[in-house]
Amino acid sequence: MTDRVREILSWYGSDNPGTKANLARMMNTGRLAGTGKMVILPVDQGFEHGPARSFAVNPDGYDPRYHLRLAVESGCNAYAAPLGFLEAAAGEHAGEIPLILKLNNHDVLFDEKDPLSAQTASVEDALRLGCSAIGYTIYPGSSASSMMYTELRELAEEARSVGLAVVVWSYPRGSQISKEGETAIDVVAYAAQIAAQLGAHIIKVKLPGAHLEQAEAKKVYETTAVPIGTLAERVRHVVQSSFDGRRIVIFSGGAKKDKDEDVFEEARAIRDGGGFGSIIGRNSFQRPKGEAIRFLNSVMDIYGGSTR
Amino acid sequence: MTDRVREILSWYGSDNPGTKANLARMMNTGRLAGTGKMVILPVDQGFEHGPARSFAVNPDGYDPRYHLRLAVESGCNAYAAPLGFLEAAAGEHAGEIPLILKLNNHDVLFDEKDPLSAQTASVEDALRLGCSAIGYTIYPGSSASSMMYTELRELAEEARSVGLAVVVWSYPRGSQISKEGETAIDVVAYAAQIAAQLGAHIIKVKLPGAHLEQAEAKKVYETTAVPIGTLAERVRHVVQSSFDGRRIVIFSGGAKKDKDEDVFEEARAIRDGGGFGSIIGRNSFQRPKGEAIRFLNSVMDIYGGSTR
Amino acid sequence: MTDRVREILSWYGSDNPGTKANLARMMNTGRLAGTGKMVILPVDQGFEHGPARSFAVNPDGYDPRYHLRLAVESGCNAYAAPLGFLEAAAGEHAGEIPLILKLNNHDVLFDEKDPLSAQTASVEDALRLGCSAIGYTIYPGSSASSMMYTELRELAEEARSVGLAVVVWSYPRGSQISKEGETAIDVVAYAAQIAAQLGAHIIKVKLPGAHLEQAEAKKVYETTAVPIGTLAERVRHVVQSSFDGRRIVIFSGGAKKDKDEDVFEEARAIRDGGGFGSIIGRNSFQRPKGEAIRFLNSVMDIYGGSTR
Amino acid sequence: MTDRVREILSWYGSDNPGTKANLARMMNTGRLAGTGKMVILPVDQGFEHGPARSFAVNPDGYDPRYHLRLAVESGCNAYAAPLGFLEAAAGEHAGEIPLILKLNNHDVLFDEKDPLSAQTASVEDALRLGCSAIGYTIYPGSSASSMMYTELRELAEEARSVGLAVVVWSYPRGSQISKEGETAIDVVAYAAQIAAQLGAHIIKVKLPGAHLEQAEAKKVYETTAVPIGTLAERVRHVVQSSFDGRRIVIFSGGAKKDKDEDVFEEARAIRDGGGFGSIIGRNSFQRPKGEAIRFLNSVMDIYGGSTR
Amino acid sequence: MTDRVREILSWYGSDNPGTKANLARMMNTGRLAGTGKMVILPVDQGFEHGPARSFAVNPDGYDPRYHLRLAVESGCNAYAAPLGFLEAAAGEHAGEIPLILKLNNHDVLFDEKDPLSAQTASVEDALRLGCSAIGYTIYPGSSASSMMYTELRELAEEARSVGLAVVVWSYPRGSQISKEGETAIDVVAYAAQIAAQLGAHIIKVKLPGAHLEQAEAKKVYETTAVPIGTLAERVRHVVQSSFDGRRIVIFSGGAKKDKDEDVFEEARAIRDGGGFGSIIGRNSFQRPKGEAIRFLNSVMDIYGGSTR
């Protein structure tokens, strides 16, 4: 148990030892064990975008076990997936890596401006499958956001009481937010704050752009001269907006990049801005496994994995 | 235990000793202990307005512990915040000041004419975190008001049964109310009455203006010549509308004022009108801590804190 | 226990002894004790219309205890109010008069054509506060009526199971009913029938006018020559429509009348038509207490109160 | 919040902020506030020994409010009593002093060799009455001890989950223990250990004598030369046996002493041995109030109360 | 994940992935990680024998954190203790080693011929404290055994449903068993079988002697010539009796041995007989920590720990 992991655990002083143990478990797994940094492999795209869009480019990915094995072999801290994918792999690979069960999901066969994800698994499922955490997506900005906040509240309270950690995907979307606004720095920082206020132990947001979406917020950013010029500065502001850095905030890689160097560049900015790591899905599983492991290891090296 | 606190407790004759003890605890804490007056620090703006708009001007406020400490050091009666902020500070500062857990919240990434807050915490959370009261916001005038009244009813019944007090933020807003109407004296008095009828032990409303919004009410105010010319008179009418002064009614400071004297002027009017105190957020935490403590102490002095 | 009270109780043969005892308690209280007639004081106008419109003309009424005391001192059979008003008075005046807890309420800050009241108290609250009955308002004719019928069903089932009586305020309102139609004789008789069918022990309706609202009903009233020419005849028809007089039906006085004699005239019609009494709010509490007691006693005298 | 209180709270790292806040509340009340020492007034003798044996010598003690007031006026940290005594005083004195509700009791009208206390109140009662802790008596050595351990387990789990602290009276008694053995140093240390293992936050035991009861234990005490010659040494050993001093252990005064100096002598030994204070019933309430306050203050002075 | 661990997990084909993950976690921790062998540190002697008998010889052991740290530093697979000991250490050392919460305990202040342990913790406690397994002691041979079997059944069912493993201490004791019979080979083998039949994932028994206790069994052992001459043979028979070696069976070290070599000799016999390891309490914690670590490492080396 490193000092850094102990320090991070100290931020969660209202949580029981069970939840702390599961946070420790995720931080003490894989190539980044002990650094307080995290790279998590999430594979919910089969549900969120459809199977061919997700797996056709690397058909090994149709097999649920492929991803769990990729996470283990590449040295990720944890693997996150919906119920079905975990059901199909958790028994055969019990105890190999911390698991995060995504408790809600959304598909694109019905695609609304103000999206609402459906609850697709339970806290009991997470215990039964041996998970370390539940995952839940909220869409701040959706007209249905209050329904998701309320559902998350109930699930998070239950999860915490049985010693699980809570990972919140906070993705601004909705009829009052522009496309550019979904990654605007003011909006992403707000989304991180909302997740933290709702009790998330780990917050996942998209990498923020320099755009400022909300008129009232824009004024404040300008008058107080919040530094948001570089990606690292924007990451730093999001981390600050997550209880002054006292919550674990990780950033998503988004769609498959053409050049790996772009992902590495982002990882360096996350690191330099004090971010806690990356959650990388499509950029890793949409290529052959050996290549994916090398790619993930390169990202982990940026976060300090190589120094262990 | 002063005579005044005993007198105020006697107004809550249907409540159990647990709820009375928590009301007493709030009245017997801080610089105003024993006076029956209250200054409460509420910090839900991170959720309600976003982190930068709330904390950029005084970045210490990004840290959840900052506000609890400010409330303790300035001698407030209680500190109110959403789940995440309390989770992040209540363990380290257990027992230092009465806590109020805000059970619902609203953000401005989706901003509707008829707002509905989402439930973001539970009565069990309040007990677990060692709170003295739950807080809940209703928006009388919203088409969704009956949903909030009903949810409040359930939460308040549960809270009272386990000895917690109930603090209601009653903020008129909705498609049938003009902007000026949100602080119209008839509307604010009505909002206070609704909160009292719903079982609130402590009612928080905005300071009322001289405007009269509702035609039917306007006639009555004019024919019966209710004195509403000065702010103190309007405060007195709101207090009267809260069971003839037999419920604790406190008033919010609203947005950051340019001049402190304006806040002091308001506090004097609240005091002279028989109000029970202030709930002051942005005007206190959006400035350096030492300055904030002096500012809050000045407000407390107006309410009689200096005489103890 | 008079023969008349026994007779009335015999109409409620499916109810348990607890509910019957509470009906008896209401019938055996006050100046009308034993007559089978009732005058009830209801004070929910603070919530329904706002505090100033309700109490400014007689400011003593801002104090919740005022009304309970008025009901006791004038010899009413029962006192009905929302949660907050009972909370604030029931402890200090425990056991002095049968109480009816209004379980739902509506305010006019949002005023819709098809109204829906919010549930504002529970059956457990009624037990805890020592009430004899729950009260519930339905708006037959509102597009939301089925939601209220369903909620009433659940609450009434629960209330009966714990020995409470059920008082239903049945007020036709909605987008398909004209203003005049809200008190049309066919509509009021229909509203009474609906309340009775929903299991009400005591039904409260407005005094019916001679207007006939519904075309299909109009034909029948005309071809069968139902006598509805006088107010007493219309009262008799409403009572007949309430299970042939085997449910207690009482009539509301409506807004404050200019002349007391108008109220007395109505009470005589209710008596002559076989009605069971009056529920009188604004006409009693919107005047000084001594005057209100004399006024209420005059109404009770009409119902036979003076003969005891 | 003193450093010492913070240090003590740090020993309870698996507890939620609510329980910690209630422990803090007890440690921060009265003349010993902030010292980490405690003097608690317990009055369950009316149930345990009968009213005349308990109160005839000072008949003011028949009134349940007398004892709560004595605890407040003398500056005790908390007041402990069975359900009835708290019911009769908690409403009138809400919030004046931390309360401990004794959840089980035993009378002497049936007096068995292997005693079993009856559950006489619930955790819900404790919340409703505004208590800071539950109290529970176990009789290690009784053939019925496992029934009490199991009941305590359930009550303690529930209490902790709602933020209450758990105080365990651990009194060895039973058919296999001699009279002298009930206060034997090996037996008292064992009783303290059992209470700690069962999850007690505060442990109350009798002052231990130098006798060694159990043959197996006697050998160990002798071969390892545990210092138990003086009362202070024995107190130190009991504190050590309570998780090496990381649980609050307080000692009971027992029956009314002839000379106050004997009690003071014991308090000095408790202090010198690192004990956390005294729980003093009969020696305080079986004398006139003024005298009792002076007596209790003298005890508190020994624990350091005078230095504040 | 080694092949051996996978093989062992395959024996638990009816268990959910959560329980398998917790079994894997225990097998993959410490110096014996991956070997399928286990050395577990259990410290319930403070409750079972009393504090001085347990800790006086090495007073560091009075501190609950000492043992958890010893288990971590010596490379044990897991640490087992009652509620209080885990409460006092699990928060500070969250996630450092798999924990086993002992759900029942027995003290010797009342020592009966037919013992019954008291339930002292719950499955919810185990989750809250972040445990991998529950532990439970049964006394086959006690007249109270069926009560313990039934309680174990309920707790084990609940534990398995939430992904915890079940460790059963199976210690024959009772009025119909001789002292020598408690470790008779027929009796120990029988006790292991009972634990396995009750659903234990891990079985803990005492090392068997050559004595044969039961007349009917004696005949069979003799006629079928079961090899039980050496300790290794007897271990092999116990393992065979535990579902032909398809359940993890570990053996207790018993009281502190005079010579370490005796313990090593036993460990070699356990290894040679196909046993899965040792559960070593007093022999490890009743000596200074450095010495204890060397001692435990020697035992682990026997089981193959040195080869990793």
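By written order: A, B, C, D and E. Residues from 1 in each chain.
FYI, a residue touches a chain if its C-beta (ideal position, glycine included) is under 8 Å from a C-beta of that chain, and two chains touch if they have at least 3 such contacts.
What you see is a predicted model; the values in this text were computed from it and never measured.
For the copy pair subunit B and subunit D, the superposing rotation over Cα atoms measures out at 180 degrees to the nearest 5. Chain centres were defined as the mean of their Cα atoms; on that basis the chain farthest from subunit D turns out to be C. Averaging Cα coordinates per chain places subunit A and subunit B 36 Å apart. Rounded to whole angstrom, the centroid-to-centroid distance between subunit C and subunit D, based on C-alpha atoms, equals 56 Å.
In terms of their C-alpha centroids, the spacing between subunit C and subunit E amounts to 71 Å.
The distance from the centre of subunit A to the centre of subunit E, with each centre set as the mean of the Cα atoms, comes to 39 Å. Within subunit E, residues 90-91, 124, 128-129 each touch two or more of the remaining chains.
Because contacts link the chains in a way that matches no line, ring, star or complete pattern, their graph is best described as other. Working note: touching chain pairs come out as A-B, A-D, A-E, B-C, B-D, D-E.
If you check the complex, the residues on subunit B that touch subunit A are 46-47, 49-53, 56-57, 59, 62-64, 82-88, 90-92, 105-112, 116-122, 124-125, 128-129. Within the complex formed with subunit B, the residues of subunit A that make contact are 11-15, 114, 140-143, 145-147, 149-150, 153-154, 157, 172, 174-177, 186-187, 189-194, 196-200, 214, 216-217, 220-221, 224, 226, 237, 240-241, 243-244, 246-247.
Contact residues of subunit E toward subunit A in the complex are 1, 9, 16-25, 28, 90-91, 93-96, 124, 127-131, 161-163.
Residues 13-14, 16-17 of subunit A are the ones touching subunit D in the complex.
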